[in-house]
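Chains here go by letter, A, B, C and D, matching the order in which they are written, and residues are numbered from 1 within each.
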Amino acid sequence: MTIDIETRFRFRADNPTDVLLQFEAARVPEQTLDNLSTTMSDSPHIARVAAQDTIGERLWVRVEGEFDVHHTASATINRMLTELEPLDRLDLHDLPGEAVPYLFDSRYCAGDRFQSFVSSEFGNASGGAKVIAMRDWIADHFAYTPGSSTPTTTALDSFVERQGICRDYAHVMITFARAAGIPARFVSCYAPDVTPQDFHAVAEVFLADPSTPGGGAWYLVDATEMADPAEVVKIGVGRDAADVSFLTSFGPTEFLDKTVSVTRSG
Amino acid sequence: MTIDIETRFRFRADNPTDVLLQFEAARVPEQTLDNLSTTMSDSPHIARVAAQDTIGERLWVRVEGEFDVHHTASATINRMLTELEPLDRLDLHDLPGEAVPYLFDSRYCAGDRFQSFVSSEFGNASGGAKVIAMRDWIADHFAYTPGSSTPTTTALDSFVERQGICRDYAHVMITFARAAGIPARFVSCYAPDVTPQDFHAVAEVFLADPSTPGGGAWYLVDATEMADPAEVVKIGVGRDAADVSFLTSFGPTEFLDKTVSVTRSG
Amino acid sequence: MTIDIETRFRFRADNPTDVLLQFEAARVPEQTLDNLSTTMSDSPHIARVAAQDTIGERLWVRVEGEFDVHHTASATINRMLTELEPLDRLDLHDLPGEAVPYLFDSRYCAGDRFQSFVSSEFGNASGGAKVIAMRDWIADHFAYTPGSSTPTTTALDSFVERQGICRDYAHVMITFARAAGIPARFVSCYAPDVTPQDFHAVAEVFLADPSTPGGGAWYLVDATEMADPAEVVKIGVGRDAADVSFLTSFGPTEFLDKTVSVTRSG
Amino acid sequence: MTIDIETRFRFRADNPTDVLLQFEAARVPEQTLDNLSTTMSDSPHIARVAAQDTIGERLWVRVEGEFDVHHTASATINRMLTELEPLDRLDLHDLPGEAVPYLFDSRYCAGDRFQSFVSSEFGNASGGAKVIAMRDWIADHFAYTPGSSTPTTTALDSFVERQGICRDYAHVMITFARAAGIPARFVSCYAPDVTPQDFHAVAEVFLADPSTPGGGAWYLVDATEMADPAEVVKIGVGRDAADVSFLTSFGPTEFLDKTVSVTRSG
């Protein structure tokens, strides 16, 4: 399966402003990229730095006036695709150091407060089956409602209000997993069938890897049920949305417009 | 200067419980360790994993019944000690990838909401001078009040309530720095003169390194004014206290007692 | 049924401090009081003012040094006791002016954020049956856990954490009712069988009064299931716990001890 | 001075929905009303109930389809106008029962958390002078920024973010006053010179009334500095904005448009 991506967005700053961007399909073994192109307005400073867990890159740009971004890529997905249901949870003492931070509370995902709920609601299941139960619970109890949340909405807010968009679904999924001792991170991505078409966000949980005794791997989970792991093109990962915004501005900017197109090509 | 550390603590779990510990003086170039000893109760599972930014280690232990920990170390501090005041801020596009996540909002330190305050209160200063102004503002406006905060108190809470303990002072310092576009992280540590004697916490900010053109380095800042960077023995670092608790329990445990002794030895 | 109450508590203030107390059984038609006695330490200023909705009284005292309070009462309960299940909800436009404020969000009870949850979980029931469904849901999903909450815990916090004490159960009950358009208030009270014995708190909801066409009345509901409406001795009411604390201090005070005894006497 | 008011607004509900309105100039002794007219779309149910502290009225309407409201009034202001500066604070034990609830924390105004700040920032002043100091501090440190807050923004949020609109300024003013033991309430009103012209909100504090020994009175304070107490036409009062919204809908409604005109007429 190949996924074709094309995205354009524009914004402006009246005064010279540093902006951090992360919108490109990431070069990682699980997705092979072709036709990769990123075109941007001129900037006196552009710097690329490795993004979190070395998945993808962040771009620093210095912006004054209007700034246009145009990105295309064709991604062939090679990731391991497996049923989550039978996967074991790793014992905590078997978690590798790099998975441990994804157990901790982050800005939007504070798992500690959900331990009672998670234990009583999902206590009978374990590992992948527990993750599936969490995903289905969210899908059943939430309404996908564009405009119902803001950039500062937390998983706790969403849990109470029972609605949100992809970032909110991912935040709740991550929070539940952490409360159950399963490392979970936030994945910013492209996927077809996302309605309305836009950047997408899903969760990724760390469970046992059946092909590596004692080892673990990250598995995609989408509580919105809009994205199939076989078709997700990763942009980057983080503890939650605070880490992988497609645009973080360090000063006033005005966002002008954005189009995202994600299609299957064969 | 050599700093001698001795800490003991005990806790218990009625049922087998995974516990993550991080209490040991970290083996990092800036502090040379001697007389290092860690003795713990027996556990069916003990695992050591690298901690955040490879500073120090985390220990997983499986606990059932009472669990005792005893740790000693003598640390000679070699870190670069410099006046913060004249240090420049790095331009954002010159920040290395590993410093970037410390600009983002974390569980207890949401810099985004403090931009107006930080800009109006500290807008005239820059770089190290701005950091010093922030540190002094906190020292002037806060009362160090054991018992006034809880493990879920955020920097925003502390900013409103104007009191707290070392973690709260560090959280506010980190939050102000991030709001000004200066990466800042949380450092769990040992230091003499901390009253009452206990684990300590300070902030670390990323500013220009005068010895490396274009480069930056981390510098310790303690808004409680109890610890001198020349005498701080690092345990670990994180985005905030959520990342470097000395004890994180994944199930019910009862904390029994703790003693921390930190002295200068010549 | 007569309920005998005896309560004593002591606190101290090092400097002259105004303190507001509300601990006496309220003189209201629904409970006839005998053997009423309130003895307190001397104070340069004591003032009694009517409490909220003219249910009970608040006492202002000026305290310096130790202050002792001793209160006794025997209350015979005359309130209308009825099954809630068959009671109708009043149409909103039939609510009297004095019930309307109890629809609004208060410090600890913000009903607006729970509308989706309440509608999907309790949408099939109406009036008293809906209130009973809410009460049973809380009783089923919460663990009564002394020490799990603090004076600033909100209904939203409790809803997420699924535990608390009587004030938290009452706050969640009130919040759910308001989210369904049913006025609800907080009742501070005495009741036998409260374990551990202490001041108690329950909710009160405004539903149709079958004996008065078009009219409504307040009905007690206790989601902790520890108190029977036939045995509740009211102290006061408010929008939530912020309004009817037994002791509100306007300056530093140290609480020393408290005993509450509530028994049935024939 | 006479103030002429004219306001129109329209909203719609697809299904029959109860809506609570409070937009009319209140009939209270401090303002004499003329040319009073309220015209609304037909509704199967309209009920008027007394509003909080019997200041003004609330209207229940049952809405289906589009609903139009048109209100005019000419108000002559008779209220006591006095310099706040020299007014004394009432001792707490001299507060009448009806002022006491305005000391307590409400949904958007939790004074308890601001005691340290208020004591250190305004501790040297007392009574009316303290209120003026608070008002001036807010005016100096806040930016009036339409769109920067939402209906759920609290005084604590605004204090941190240092910006907001009239409701936010009033919330912070009320919160500061309560933290200093001065009862304070929220006043929804009309006033000329409000920019952009709209419903307005100010605070009201309870201080000594020099004309009544031992007595107190409510005094208007506007931290936005847009309204003069001599020209404020009250609509209603409450603990905070939760109590006196001009439109509270108990079901989905779509707001269509609103015009408010407030002019001086000689």
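Here is the rule we go by: a residue touches a chain if its C-beta (ideal position, glycine included) is under 8 Å from a C-beta of that chain, and two chains touch if they have at least 3 such contacts.
Just so we're clear, the structure is a prediction, and the values are computed from it rather than from any experiment.
Listed here as common contacts of chain B and chain D: no chain.
Matching residue numbers shows that C-D is the pair in C-D, B-D or A-C whose interface repeats A-B, with more than half of the contact pairs in common.
Distance between chain centres (mean CA atoms), chain C to chain D: 28 Å.
Separation between the centroids of chain A and chain C, computed from CA atoms only, is 45 Å.
Counting partner chains per residue, chain A shows two or more touched chains at residues 113. If you draw each protein chain as a dot and join the dots that touch, you get one closed loop, with every dot joined to exactly two others.
The complete set of chain-chain contacts reads A-B, A-C, B-D, C-D. Remark: chain D residues 18, 20, 45-47, 49-52, 58, 60-62, 91-97, 100-101, 103-107, 110, 112-113, 152, 181, 238-239, 242-243, 248, 250 touch chain C in the complex. Residues 113-114, 116-117, 120, 141, 143, 156-157, 159-163 of chain A are the ones that touch chain C when the two sit in their complex.
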